[in-house]
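Presented sequentially are two complexes of chain A, the first with chain B as partner and the second with chain C.
What follows is the complex of A and B.
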């Protein structure tokens, strides 16, 4: 993997062994509305005289701190204290003067350094301090090519998030989505990829043919999606590193709605023949295909449970679109959605405890979650049109797309990416260069 | 220039009138010697190029005209439905008759309105395209001449009227 090669990342390990077993501060993210934790994030200290291809290590240190600040604030779980309020700029290598940090209301403090190594790499260290408990909570050291500083920032954000919430972060991740542009009669829909914070944006196709519903492999740098290449809608596999794509299987009928199995070895999808859509699963190594449903209704949008034992899917076999769960061999089909309206796009949480969905009722669209047995339905957000939730790899955040109504002057109809916390708070637009739809979250990179 | 020409003609005509009146007094003799009045020849008429307006009988335009209007290639569906209703049957019967006398292959596009989810609408569009195909085949069109493709909700043609987007479109291949 190319990223790994340029990363040359090595984590030296936790620098402080005397971690207190009972952290004084922690964020309980299982509760509803979390009071954000006040955190002070110092610029990682570096010399203005150590110049790299990406600027001085002083600049790199400051930029890393800004990215960490943005990551943590965007999660809704942290509020970063304005650096202008800082009383002292502590010596990054010594223990902080905690009284000064308590005085500005910080409960946690991040300090660190950026140093240019002789081999041209940058060494970045950070320490997370418990201001009230006056202890170091964690500390890590990374080595990387200077231009790769952004990933270091996301890795540090993940380490801080994990230490303070007890759960894995989701900052060192990417989003693949459909970039949309042009008027509604000539809408261009092409594949694009970016970091979860919108940086390092890149178009992966040129827009000469339509692409929809991309999904990340949980185990490799691959994406599967529906492509209308040659006016023939089929499921494709795309390698992000090589840029190569291939059609998955040769079928008479259309294939669509693909999604990887949790082990990345299979792609589950719909296949339509003579007007009937059923669910099939393909083993990628052998291209062997197995039919899971055989029903005259529409069966689509399949999604595996995290250990691959079950498949949630969308079917209108009961009259309207509803959610169903079956064993991964196609047996024991059970309807799980029973509320008012139509339900669609079930997506199993990486934690396994919830299924996210799109709901359509009363002229509006909703994103919600329910337990795999259909109980505990909870609506998180609503609008004129929204659909297609995707989970952050830690199962804490959902991203989806929204489409606005057309206005009566020939405009409107924009599509945008949005994200919301599982608690239903902290809804935010995810900024893209053009319009965006069909987001798919990558796993944590490694 | 034109004005001068006009005046010139005018003066000639007055002159001619005077001479004529003079001739009347002096007799026929003078008439023969009078200058002939200048008469500008009518501009030569250019024959326009006339081409017969025809519709290629195997074209999309011809199919559009099948119903005597511009919508001979379109049928519409009710919300979340794919059954061919009575108004669609008339259109498809005409399409089938046209296909039986014109050797063309067609692609049936299935479309949905935008008030639905993407993947389900891909499946629904496929249902609609196949419902149209099945009807044409039942009317005697060879199945091998009819291909189907679903665009789901991705190709709307009307921003305000969702009914116009739930359609089957017969495209001459």
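What follows is the complex of A and C.
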């Protein structure tokens, strides 16, 4: 009898729960407004009385904040709120008054401090806050020599970017490029390096011989490039730390368009001989060379896929210059571009999802992207002449160079570095001391 | 003798359960001719004017008035931040200036004080104190009675009315979130595939009491960023009092599930 009672009560309980459960509305949100995230970046608090070789700690804190602001704004994904709109200059060691930050439209907030340590280093701390969620999203602390404050700013920018976008940042990186100066017929081309925001600029060669096609190693502080040293075009390897360079092999013909493999252990390049050009790969440790293409057409501009399994290149074997993808051993060559015009310089994205390229049609040049199978071609930018796309290490931004036409009075002809993100809207000039061409983006620094 | 009784009870309860779940093949209404529903093309803003569609008979005079709206969120002291970082805040940061009030209490406090309005007693009276104390449960149950009354009104509505109002509520919330508040993350690889389910809990006045993402604690990387963006949208749009969601349908919208799906926007 007891069993029956329990059974009955259980069934009635289940039924009544079922009947009384309230209905719930379920809504699909499928539209939104992709806009830069409003972020408030406070000056890192520091003492004006603590003086270092790079100025007072208060100045260092303010400068770090300015660099972070510039980094994030340049990405196009963030919109920094004007500090003049801040309601309160919060004490960096206390929890923010979130209502005040919400009132000025901030959805994220950066606060922090800079303090001079007894050993002469600077301790830099920052916190990233979710204003609407009233929580701390991340907080990190760095110790460094005061002169490295700019690098710390880039590291903080990367940490904020990663926490808010889910992708690695690209601010703690460098750009190597060809600095150009002088008249058209006597152009001086020097290898130069700078931070991705144009600061800490340095020339690596003196301009006594021409340099072209610099490419960063994805794993080390090494650059490969084409040099006309002794009027013989050859591919070289240059160590940034030591300043030493070495030639990569002796060939009968001319070698050009070098690029590292993703593991940094090989260099793939073109070799031209008797009017024909094919693709070769060299293992750096053994200097063993393997020929990947053997075709009467011109095959050039090879680029490895992120895991080194495929190689994209351009060739005129189909009658016009188009893009092709083959296995890294040279087999299974497939054409991937079929649009009008000529396609050149394919560069595989570090994320592997896209291949950037240069296209020439109708008297103009275009920089675009397509999927590795050739689908989804999208033009990002166009001009009189633009070439040499290079990817940021997170595969979200492209840098390239643009050349302006000469005018009748002998003016014009400038070359400039530009960057654009994958949306195609955030296009910005990268300021260089002289003209610039052929940029190559470094991986994130260690 | 016991076994047939048990079988009979289980069988009957089973039948009742199925009936309560509205299984279509038990519903003879299927064979009735379908009602013709006139469709009128209207502007979305008209559809979302819920206060007009949801107009109900005026409440009886003797019944209590609905509680006053609580203070706006921006005027409240901020809640204390929860520290989730590996770098804890100094002690001072863990001591916010003022404790936040619970939303329900905020809604009830002014009602009690206004309604009680006891005249200052000339001298202490135990009966008066007891009477004052006895009023608290009465006032608290007033809100419940209001919700019950709305529920009864909801029951009196036809299923078509309920369905139409539910759609209007959904459209209003969806429009507000999509037009004003959701900024989908576009930077991540395969950002279009980052779908997030958010549970939103509202008070009768449209204040947001809680928003949470399904499986949030197990999320990381781009999916966590997508979840953050969905939560930001729900919080930024709060309060939802401006939508004037029909109070007689509160049972329908006190908990709202939102599926954030950017696949149509980001390839």
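By definition in this document, the second predicted complex is superposed on the first by the 412 of 446 C-alpha atoms of A that agree within 3 Å, B and C clash if a C-alpha of one lies under 4 Å from a C-alpha of the other, contacts with A are read in each partner's own complex, and residues count from 1 in each chain.
By definition in this document, contacts are C-beta pairs under 8 Å (C-beta built on N, C-alpha and C of every residue); 3 or more make two chains touch, one makes a residue touch a chain.
Because the structure is predicted, anything quoted here is derived from the model rather than measured.
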item	value
Partner chain in contact with A:138 - chain B first, chain C second, else both or neither	second
Per-residue touch tally on chain A - higher for chain B or for chain C	C
Chain B versus chain C as contact partner of A:51, first or second or both or neither	neither
Chain B versus chain C as contact partner of A:289, first or second or both or neither	neither
Chain B versus chain C as contact partner of A:434, first or second or both or neither	neither
Touching partner for A:408 - first (chain B), second (chain C), both, neither	first
Touched partner set for A:94, first chain B, second chain C, both or neither	second
Contact footprint of chain C on chain A as seen in their complex	1, 3-4, 7-8, 11-12, 14-15, 18-19, 22-35, 37, 77, 93-99, 102-103, 107, 125, 127, 129-130, 132-141, 163-167, 351, 353, 376, 395-396, 423
List of chain B residues in touch with chain A within their complex	80, 82, 114-120, 122-124, 126-127, 129-131, 134, 148-152, 154, 156-157, 159-160
Residues on chain A engaged by chain B in the complex (per definition of touch)	184-185, 187, 189, 210, 212-213, 226, 228, 231-233, 254, 256-257, 270, 272, 274-277, 298, 300-301, 314, 316, 320-321, 344-345, 358, 360, 385, 387-388, 403, 406, 408, 410, 412-413, 437-438
Residue ranges of chain C touching chain A (in the complex, touch as defined)	2, 5-6, 9-10, 13, 16-17, 20-21, 73-87, 89-90, 92-94, 96, 166, 169-170, 173-174, 177-179, 182-190, 221-226, 228, 230-233, 235-236, 251-267
